[in-house]
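What follows is chain A paired twice: with chain B in the first complex and chain C in the second.
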Partner chain A sequence: MKKLNLSLKNPIVSYIGFGGLLMLVPALILAGVLRNSTLTLVASVIFYSIAALGLNVLLGWSGLVSLGTAGFMGLAAYISAYLTHDLKLPFELALVAAVIIPTLIGILVGFISLRIEGLYLAIATLAVSEILRKTFEVFDFFTGGYSGKPISFPTILGFITQTPANRTLFPILMYTILVIFLVAVMILIHNLMKGQFGRALNAMRGSEAAAQAMGINLLKYRLMAFGLATALASLSGVLYVHFIKYTHPGSWTLALSLNLVAAIIIGGARNIYGTILGVFVVFAMPDLILKQIPYFGTIPNFAFIVNGILIIIVIMYYPYGLIQITKDFKKIWLKLKERFS
Partner chain B sequence: MAIFMQLLLRSLETGSVYALAALGIIIIYRTSNITHFAQGAMGMFNTFAVTFFFLYGRMPLWLAILMGVATAFLMGVLVDLVIIRRAKRIAPISKQIITLGLIMVVLGLASTVFGVDPLPLPKLIQGGEFDVLGATISYNAVFNIVFGLALMSLFFYILQRTKWGLAVRTTASNELTARLMGVPTKTVTMVAWALAGVLGVLAGVMIAPATKVDLNVLDAVQINALIACVLGGFQSFYGPVIGAYIIAIAKNMIVFYGQPLGLDVWGEQLVLLSILIFIIFRPNGIIGKKIVKKV
Partner chain C sequence: MNDLNEQTVLSISELSIAFGGIKAVDNVSFEVNEGEIFGLIGPNGAGKTTVFNCITQFYKPNHGSIRFKSKQGQTVELTHHKSHEVIGYGLVRTFQNVELIKELSILDNVLIGGHIDYKTGVVRQAFSTKTAKMEENAYRAQAIEILKFLGIEDRKDWLVYGLPYGILKKVELARTLMCNPKLIILDEPAAGLNDTETLDFANVIRTIRDKYHTSILLVEHDMRLVMDVCDRICAINFGKFLAVGTPKEIQRNKAVQAAYLGTEDAA
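Moving on to the complex of A and B:
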C-alpha cells in the first residue's frame, strides 16, 4: 500500500491547507482584527478564482482565448437566482441546473473553436457573451431587466436558513461553502491537468497536427476544455449571486471577461496558485492594500491607477506571470544562505 | 422608401463612428500585433478633454475638438514611447493585457481629472435639417457621414499611394523584414498609436451628442468595432470598415422591420448571431485571406 504523503510538498495537502488559511479570514473578523467588508472582498477573490481556474484550462493549457466568461457567469447567476427565488426550488438543484445549461452552450461554442482560432475566436466568444448580456437586459420577467434582481441567501440542505439569530454567522457559512468549492476545484484542476486530459491539451497547444498524429482526438478534448471552463464559470456565477445576493446586467460585461484574462496572465498561466494570485491582484488589491496606504490612499482613484500601472509593469518584467517572483525570492534566499554559511 | 432612407442615413452615421474606431483598432493590430482593447477608453478620455476645453476653457467647439485631437495624438505617442516600444519581445497574448492595464489607468485618470458626472457635448453644427428622398437629416449627421468617409478615403489614399503608406504596409506585413529594409518601423508604430488615438477621439465626439460624455461613452462602440474587425477580417485595412457599416445598417434595419414580429428588442442579438454563423463559414472574415499554417 502506498503511504499517504501528508507533507506540504503534496499539492493536494497544500490546497487543503490553503483552504484552512482562507478560513482564518472570518476568524480574524470575529476577533475584530479585520473589517467586515474584508469578508466580501476575499469571497469575491474566491468566486472569481473559480472562474479564472476554468478559464485557465482554455487560455493556459489549451492556448485558446475566450472572452465569453462573463456571459456564462451571468447566465448561471440568473438561472440560479430565478430557480431559487422565483420558483422556490432547493439551492442544490438550482446549482446543478445553473451549471448544466450554460455548459451545454459552452460546448456548442467549442464546436466553433474547431473552425476559427486566435483573435477571431476571442471576439466570437465576446459576441456570444454580448448576446447573453443583451438578453439579460430585455428578458425582464426572468432577469429583472436593467434594475437587476435582488435575492436572499439560499436555504442550504433544505433546513439551514438565515434567521435574525444567525445574522452575522450566515455570511460566514456561505463563505465556508465558497472555500470548500474552491479547494475542490483546485484539486480537480490539478488532477485533470496532471493526467491524460492535461497532457492532451499540452500536446494540442504545441502543435495540433502533431497531437492528431499521436492519436489525440481534437474535437473531444476541445469540447471537454470548453465544457470544463464553462462549467466552472457557471459555478462561479452561482456562488456570486448567492453570496452577493444581487445581479444586474452591468456586472456581466466585457470588462469582467478581460479582467479574468488579465488575472491569469498576470498570475501565471498553467499555474493554480498563480491564477489565484492574479485574481487577487486584479480584483482585491486596490481595496485591500492600495487604499490602506496612508496619504496616497485618500487620493480618489489612486488605487485604480496604480493597479493599472502595476499590471503593465508585471507584464513587461514578468511575462510568465507574477508567480515567477517566488523563484527570484528563492534565488536571493539561496545567495544569502551561501554568503552567511 | 422615406423610412428606409431615414434608416439608411442613420445607419451610415453610426457606421462612420464604428468604422473610425475599427480603423484605430486595426492599425494597431497590424503594426504592433496588439488587440487594442483600450481604444474606447482612450477615446473616452480625450472626448472628456474636448468637453472640458469647450465647457470650462470657453473655447469654440471646433477649437476644443482640435485641442482634443492634439491630446489624443500626444497620448498615443506617449503610450508607444513609454510602454509599447519596450514590450516588443513579449508573447502576443500577454501583450493584449497591457491594453487592459491601460484601460485601468485611463479610467482612473479620467475620473480623477474630469470627475464622474456625465457632461453634455453639443453637436458641431447646430440646428438645420433638410430632406433627402423624403427622409429628414440634420446637417450635423451629413457632416458626420461625409467627414467619416472623407477621412477614411484620405487614410486609404495615404496607405496605398504614398511612401508613408508603403512604410505602414511593409511594417504590417513583416516588421522584422521591414526594419532590415530600412523602414523606420519605430516611427511607424508611434504614428499608428497617435493615429488610433485621434480616430478614437473623433468617434467619441461624433457619438457624444447622442448621449452624454461619461466613463462608458464609447463602450458599445468599442465592442461593435471589435466585432466589425472580425466580420471584415483582421488581414486587411478596409475589411473592418466595411464590416462596421454592415453592422450598423443590419442592426437598424432588423430593429425597425422586425418590430411587427416582436424582434425589435432582439435586433442586436440577431445581428451578432448571424455574424457568428457567418464567421463559422468564413473564418477569416469578408476580406480575410486564409493563413496557411505550416507543421
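Moving on to the complex of A and C:
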C-alpha cells in the first residue's frame, strides 16, 4: 500500500484545501465578521472561475480564442431556469440538459469554423453569441425578454427546498454546491492538462506541425478543447442563474466574454490558481476596492480602464500572469529564511 | 497498387511538386531498404525538405507515388493519407527548424511522441484512474530511458525554452523514438553540434538503427557524417534527381561534384 500523499504540494490536496478556505466565507458571515453581500461576491468569483477555467483550456492550453463564452453561459442559464421554473423539472436534470444542449451547439459551431482555421472560431463564436443574445431579448415567452427572468432557489435532490425556517442557510447550501463544483473542475482540469490530452493541446498551440507529425488530429483536439470550454461555460451559467435567481439579456454580452479573456491574461494562462486570481481581479476587485477609491471610483467604466492597464503591465512584466508574483514571494521568503537561519 | 518487395520499406517514384511555377521537386525516385541508413543530399534549396514534407503529407505532391511498408505489414500509399495518420504506420520525422513546445519540459516534449499509443481515454485521464496512471508512468519510464540513451536525462525537467540548438535537436530525435517507428526521417539532425559531437552522433544513429530496428532517412549538410554513416545516398539538385549509390559512388559521381561546385552546365 502506498501512503496517501496529504501534503499541500499535492495539487489535488491543495485544491480541496482551497475549497475548505472558501467555506470560511459563510462561516465568517454567520459569525458576523463578514457582510452578507460578501457571499454573493465570492460566489460570483466561483461561477465565473468555472467558465474561465474552461476558457483557459481553450485560450491558454490550446491557443484558440472564443468570444462567445457569455452567449453559451446565458443559453445554459435560460434553459435551466426554464426547465426548473416553467416546466418544474428536477434541478439535477435541468443542469445536465442545460450543459449538454449548449455544448452540442458549440461543437457544431466549432466543427464548421475550425475546419477552416483556428482563428475562425473567434469570429464564429462572436456571431453565435450575438445571435443568442438577440434570442434572449426576442423570445420572451422563454426568457422573459428585457424584463429578465426571476426564479426561485431550486429543490436539491428532490426534497431540500428553501423554507422560511432555513432562509439564511439555503444560500449557504447553494454556495457549498458552487464550491464543490469548482473544486471538482479544478481537479479534473489538473488531471487532464498534465497528461496525454493536455500535452496534445500544448503541442497544438506550440507547433501545429509537430502536433500533426506526432499523430494529433488538429480538428479533433480543437473540437474537444472547445467542447470542454463550452461545457464549463454552460455549467457556470447554470450555477449563476440558480444562485443569483435572475437572468437578463444584459448579463450575457460581449463585455462578459472579453472580461473572461482578460481574467486569463491577467491571472495566468495555463494556470489553475492563476485563472481564479484573474477572475477575482476582474470581477471582484471593482466592487471591493475600486469603487471605494474617492473620486476615481465614480468614473464610469473605471474598472475597464484598470483592466486595460493591468493587461499591459502583466504582458510586459508577468508574461505568465499575476500568479507569477507568488513565485517571486516564495523566492524572497526563501532568501529571508536563508539569511536569518 | 503493387506491394513493395521484401527488403523495401519506402519507395518514392516520380515525385513532383511545384510552388507557383517553381518545380521544387521534379520527378524524383528512390527506395529505402529495411534497416538501411539512407542519405538525401543536395545543395541549399535543392528540395530535400520538400521531399520530406511530401513523404509525411505536409505537402500533397502534384504527381508521383509514395509507398510505405507499414508497421502492420501492409503496403500503404501515403499520398492517400493525412499528415497526422502517417505516424500510425510507423513513419516519424523531425524538422529542420526544430518544432518543439517551448513552454514544456524536455520530458513532456518527448512524451508527445508517445501520443498515439495511449490506450486510456480522456474520461479516465480526467479521473486519473489507476490504469491511466499506470500507463502514464510506463511512458514516462520509456521517455527517461530514451533520454538516458541520448545523454540528456539529467536535464529532463528543464524547459525547452532557451536551450542550445544541439540539445533541441536531440530532444526532437528522442521524441521520434517514443512510437517504435519503422522509419525515422531526420532533417539536418547534426546541425548545432560541434566536431566531436558530430562524430558521436554517427554512432548514435547506428545504435538507433540496431536497437530500435528501424530504417533511417536523413538530410544532412555535414558531408563527413553523411559519408560515414549512410549505407546509400541519393543526391538531388534544383529538385532534380542526380544519382543514387553508395557513399563512394556518390563522391565519384561527376554530376554530384558539379552540383556542389556550382558549375551549372555540368549539372
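In this text, the second predicted complex is superposed on the first by the 301 of 341 C-alpha atoms of A that agree within 3 Å, B and C clash if a C-alpha of one lies under 4 Å from a C-alpha of the other, contacts with A are read in each partner's own complex, and residues count from 1 in each chain.
We take it that a contact is a pair of C-beta atoms (placed from the backbone, for glycine too) under 8 Å apart; a residue touches a chain by one contact, two chains touch by 3 or more.
Predicted model, so just to flag it, every value in this text is computed and none were measured.
In the overlay built on the shared chain, the residue A:Ser14 is in contact with neither chain B nor chain C.
Contact with chain B, but none with chain C, is seen for A:Ile309 once the two complexes are overlaid on the shared chain.
Look at A:Gln162: by the touch rule set out above, it reaches neither chain B nor chain C. Number of chain A residues touched is higher for B, counting chain B against chain C. By the document's definition of touching, of the two partners only chain C reaches A:Phe197; chain B does not. After overlaying the two complexes on the shared chain, residue contacts for A:Leu188 are found with chain C alone; chain B is out of touch. Using the contact criterion defined above for the overlaid structures, shared-chain residue A:Gly215 touches chain C, although it does not reach chain B.
When the two structures are aligned on the shared chain, A:Ser207 is found in touch with chain B and with chain C. Once the two complexes are overlaid on the shared chain, A:Thr176 sits clear of chain B and of chain C alike. 207, 209-210 are the residues of chain A that lie in the contact sets of both chain B and chain C, per the superposition on chain A.
By the touch criterion stated above, chain A contacts chain B in their complex at residues 59, 65, 112, 115-117, 119-120, 122-124, 126-128, 130-131, 134-135, 138, 207, 209-210, 253-255, 258-259, 261-262, 265-266, 299-302, 304-305, 307-312, 315-316, 319.
Every residue of chain C that touches chain A in the complex is listed here, in rising order: 56, 58, 82-88, 92-93, 95, 99-104, 108, 111-116, 118, 120, 122, 125-128, 132, 136, 175, 179. Contact residues on chain B toward chain A in their complex (touch as defined above): 29, 35, 37, 83, 86-87, 90-91, 93-98, 100-109, 111-112, 219, 222-223, 226-227, 229-230, 234, 265-266, 268-269, 272-273, 275-276, 279-280, 283-285, 295.
Those residues of chain A lying in contact with chain C across their complex are 188, 191-192, 195-197, 199-200, 202-203, 205-207, 209-218, 224, 270.
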